[in-house]
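What follows is a short report on a single structure.
Letters A, B and C mark the chains in the order given here, with residues in each chain numbered from 1 onward.
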Amino acid sequence: MALLGQTVICGLLLGGMYALIAIGMTLIMGVMKIINLAHGSLVMVGMYVTYVCYRAWGLDPYLGMLVAMPVLFLLGCVIQHFLINRLLEVESVLPENQVLLTVGISLVLTEVIRFIFKSDYRSIATPYTGEALLVGGMSISIAMAVGFVIAMVFTYLLHLFLTRTDLGRAIRATAQDREAAQYMGVDARRVTVITFGLGSALAAAGGSLLLPLFYLWPDIGHLFTAKAFIITILGGMGSTTGALLGGLTLGVAESLGATYIGMGYKDVVGLVIFLLVLLFLPHGLRSLVRR
Amino acid sequence: MHRYRIWAAVALALLALALPFIFNSPYYQHMLILILIWAALGTAWNLLGGYCGQVSFGHAAFFGLGAYSAGLLYLHLGASPWWGMALGPVVATLVSIPIGLICFRLRGPYFALAMLALGEIFRLVFLNWISFTNGPRGILMVAARPGKILFYYLALAILGLALWWSYLLIKSKFGYYFVSIREDQDAAEALGIPTTRYKLYALLPSAFLTGLVGAFYMNYVAFIEPNVVFSLGNVSVMIILVVILGGVATLWGPTVGAAMYIALGELFRAQLGAANVLAFGVLVCLVILFLPNGVVGEVDLFKRLMGGKRRGDVGGSLGSP
Amino acid sequence: MEARRIVKRFGGLVAVDDLSFAVREGEIFGLIGPNGSGKTTVFNLINRFFPPTSGTIHFGDRRIDVLSPHQICALGIARTFQVVKPLRRMTVLENVMTGAFLRTGSVRRARQKALEVLDFCKLMHRKDFPAGKLTIADRKRLEIARALATEPRLLLLDETAAGLNPRETEEAMDIIRQIRELGVTIIVVEHVMKVITGICDRVMAINFGREITTGPPAAVVNHPEVIKAYLGEADA
């Protein structure tokens, strides 16, 4: 029983952090209607920035993320402004071109990082790494608990931003109906640039929170792209609450899968759920709740 | 016009047959074989992705199934993997049927994502089903193997088959139907086209050829491993890049793209060392931004702009051989 | 063709509300109503782009609301789209050939058929144009040509005169009349009253998905309820 409880709680905590990454992706997908296969690479770059802060100045990752987020915000804006927005003006046979562009971007980001840091596995050792809380026979990693709390705080702040500020409302309006938003005087191009920046910053935040828990190497991005996707589809594209729900679901499913089915197949579980949702619940898990 | 085309085809065929003697070194012959492999994969993908517009990010599944059909025959039965060349494409085709029936319900990027997930599922299953597949240790074939020249001609034959089938399909009703589904699925459906069935008609030969190349790969390289043959980044995505580089929905585009991909890859490796993948990534971005319809696609566009007329090629400038 | 008590709901919105009507063979049947009254939805139900919430549709003695759009087209019901859907990267000829392939597997015969249809619709001069680059009038005509190439017995025309200038409208009306001469039954949805009164044998007016009245064009157009429906829209 304690094992089950611990498995579920671990999954929830991890899922909360995944959700932060996925919310970044869902924002981007919602506004741009684009599938961003570079999202995991952005997470990875964010993790490296935090890692460098830690190595160079001994900055704790929870502070380092405050550096990584603005850096990634800028990187995201640059990508959107100079690459993706440009592609919209190019006439091509397959609209899926943009998916490939993000593959190219992801390749570039990964290789630049590999060029600087080599392919070595890296990790950081904070005082609390390996520490755990003992609650009723279950041991819960401190890094996970703290990461989860921070992730929830960020999610709440984002929610406030999207609902209470003009810019946030402009983002939501653009996501809902780009043309209508433009009629209302929203500068859609600027909104897309800011959204991509914001999504990237959230990716960096999620990555930084996960840094004390994961080994870091340049190819780790793919892992996060896959997770963010699964969550986004689970959540129904473009919905923040959906992404949160999806993140928690994936975290628990993975955690249960790893404990009870075996490490190797846990990713299969996620992918199969992903496929099923894609096929049968076009609006994500939320449509189950509403029905 | 027709006469000229026939002569061009004959000259091209002769050149293709002579190439391994012109480049008479194992290194260059290896490069040529790689080009043929990628050209055949690209041509196969192009049927479904380019003409029919169903962008698959999961063709590694069919490639890997072809390769593993050959590999598993060898591993479990000790049969020569050459038999895999018969079994591989059949397995890939059979598996493609349920995949198609399931995934063709989805449109556009959702289809792309579903195929991506399926490809990854195959990789993970082959990686973890160790008792059957040997898992990450892969399958190594130890047997005497013929020289490169034979492999070259075999690969050439496969590419020839792929081009021939594509040509026949594109020039017929199928080509029109494929392109119309890509251009507007609702309009196609309203014109009496059973779109799911025709998507399947594009998928079947595509999966067959991809599986065939996979089985050939097992014979040629003599070692396979799930992370290699089911790879998302190095197979599924690279196939698409080859096609985009050369020209989506053009008969010769994938072949041109494959030659560029291998040649540039080697060039970067030789000149740039560790930064070669980086250079490749930059190239990908540049091609998509500035040559979105590939080299061959843009050449056709250019000709058309110059007033050249082409008739009977479905898909406007984008369906021509 | 006959629709019996068809209903279509989108969530809370009732787009088509208990409509019944029958179209006689060989006639031109008009369907009018203010914006958003459910005309396009009726077409989408007939060719089964979506299933009706309830009710049945018959064509001849076949029940067709259980078939899929391509089967319905194969039975002989073709349609055009109000928001035109050209196969953009194909030429005009290829667009029409795609329709013609429904009745033949041969490229040569499909081309021949397509050329005949293009001639009939006065689109010959645009034959090698990429469909994506046509003017709106030509696109509307391409819609008709492509539908005709499938050799329909019933043709559904959704606002083919919208956005055309008076001369183009005249031409479109001519083409529609000539199509009827071929023995094709036609349902037209139109806002341009001149077209309705000019070519229709009978007209049904609807509002909020409900029938207001059905009858000869002049009577329906001057029916007080119909005028009120259109005026109500103008007020809003």
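Please note the rule applied: contacts are C-beta pairs under 8 Å (C-beta built on N, C-alpha and C of every residue); 3 or more make two chains touch, one makes a residue touch a chain.
Small disclaimer: the values here were computed from a predicted structure and weren't measured.
Asker: If each chain is a node and each touching pair an edge, is that a line, ring, star, complete or other?
Answerer: Topology of touching chains reads as a line.
Asker: Measuring between mean CA coordinates, which chain is farthest from subunit B?
Answerer: If we average the C-alpha coordinates per chain, C ends up farthest from subunit B.
Asker: Which chain wins if you rank chains by how close their C-alpha centre is to the centre of all protein C-alpha atoms?
Answerer: Located nearest the centre of all protein C-alpha atoms is chain B.
Asker: What pair of chains has the most C-beta pairs in contact?
Answerer: Top-ranked chain pair by contact count is A-B.
Asker: Whole-Å distance, subunit A centre to subunit B centre, using C-alpha means?
Answerer: 32
Asker: From the C-alpha centre of subunit B to that of subunit C, how far is it in Å?
Answerer: Taking the mean C-alpha position of each chain, the two centres sit 42 Å apart.
Asker: Taking each chain's centre as the mean position of its Cα atoms, how many Å separate subunit A from subunit C?
Answerer: Centre separation, subunit A to subunit C: 47 Å.
Asker: Could you say which residues in subunit B touch two or more other chains, in rising order?
Answerer: Answer for subunit B, listing residues that touch two or more other chains: 318.
Asker: List, in ascending order, every residue of subunit C touching at least 2 other chains.
Answerer: 89
Asker: Show the residues in subunit A shared as contacts by 2 or more other chains, in ascending order.
Answerer: 93
Asker: Going by the contact rule at the top, pick out the subunit B residues touching subunit A in the complex.
Answerer: Answer in residue numbers: 49-50, 53, 55, 57, 102, 105-106, 108-110, 112-114, 117-118, 120-121, 124-125, 127-128, 182, 232-233, 237, 240-241, 244, 248-249, 274-275, 277-278, 280-282, 284-285, 288-289, 292-293, 297, 318.
Asker: Hey, which residues of subunit C end up touching subunit B in the complex?
Answerer: Checking each residue of subunit C against subunit B gives 47, 49, 68-71, 73-74, 78-79, 81, 85-91, 94-95, 97-99, 101-102, 105, 107, 110, 128, 130, 146-147, 150.
Asker: Flag every residue of subunit A that touches subunit B in the complex, lowest number first.
Answerer: Within the complex, subunit A contacts subunit B at residues 35, 83, 86-87, 90-97, 99-101, 103-108, 110-112, 114-115, 222, 226, 229, 233, 262, 264-265, 267-268, 271-272, 274-275, 278-279.
Asker: Quick check: in the complex, which residue numbers of subunit B touch subunit C?
Answerer: Answer in residue numbers: 171-173, 176-177, 179-180, 183-184, 186-195, 309, 311, 314-319.
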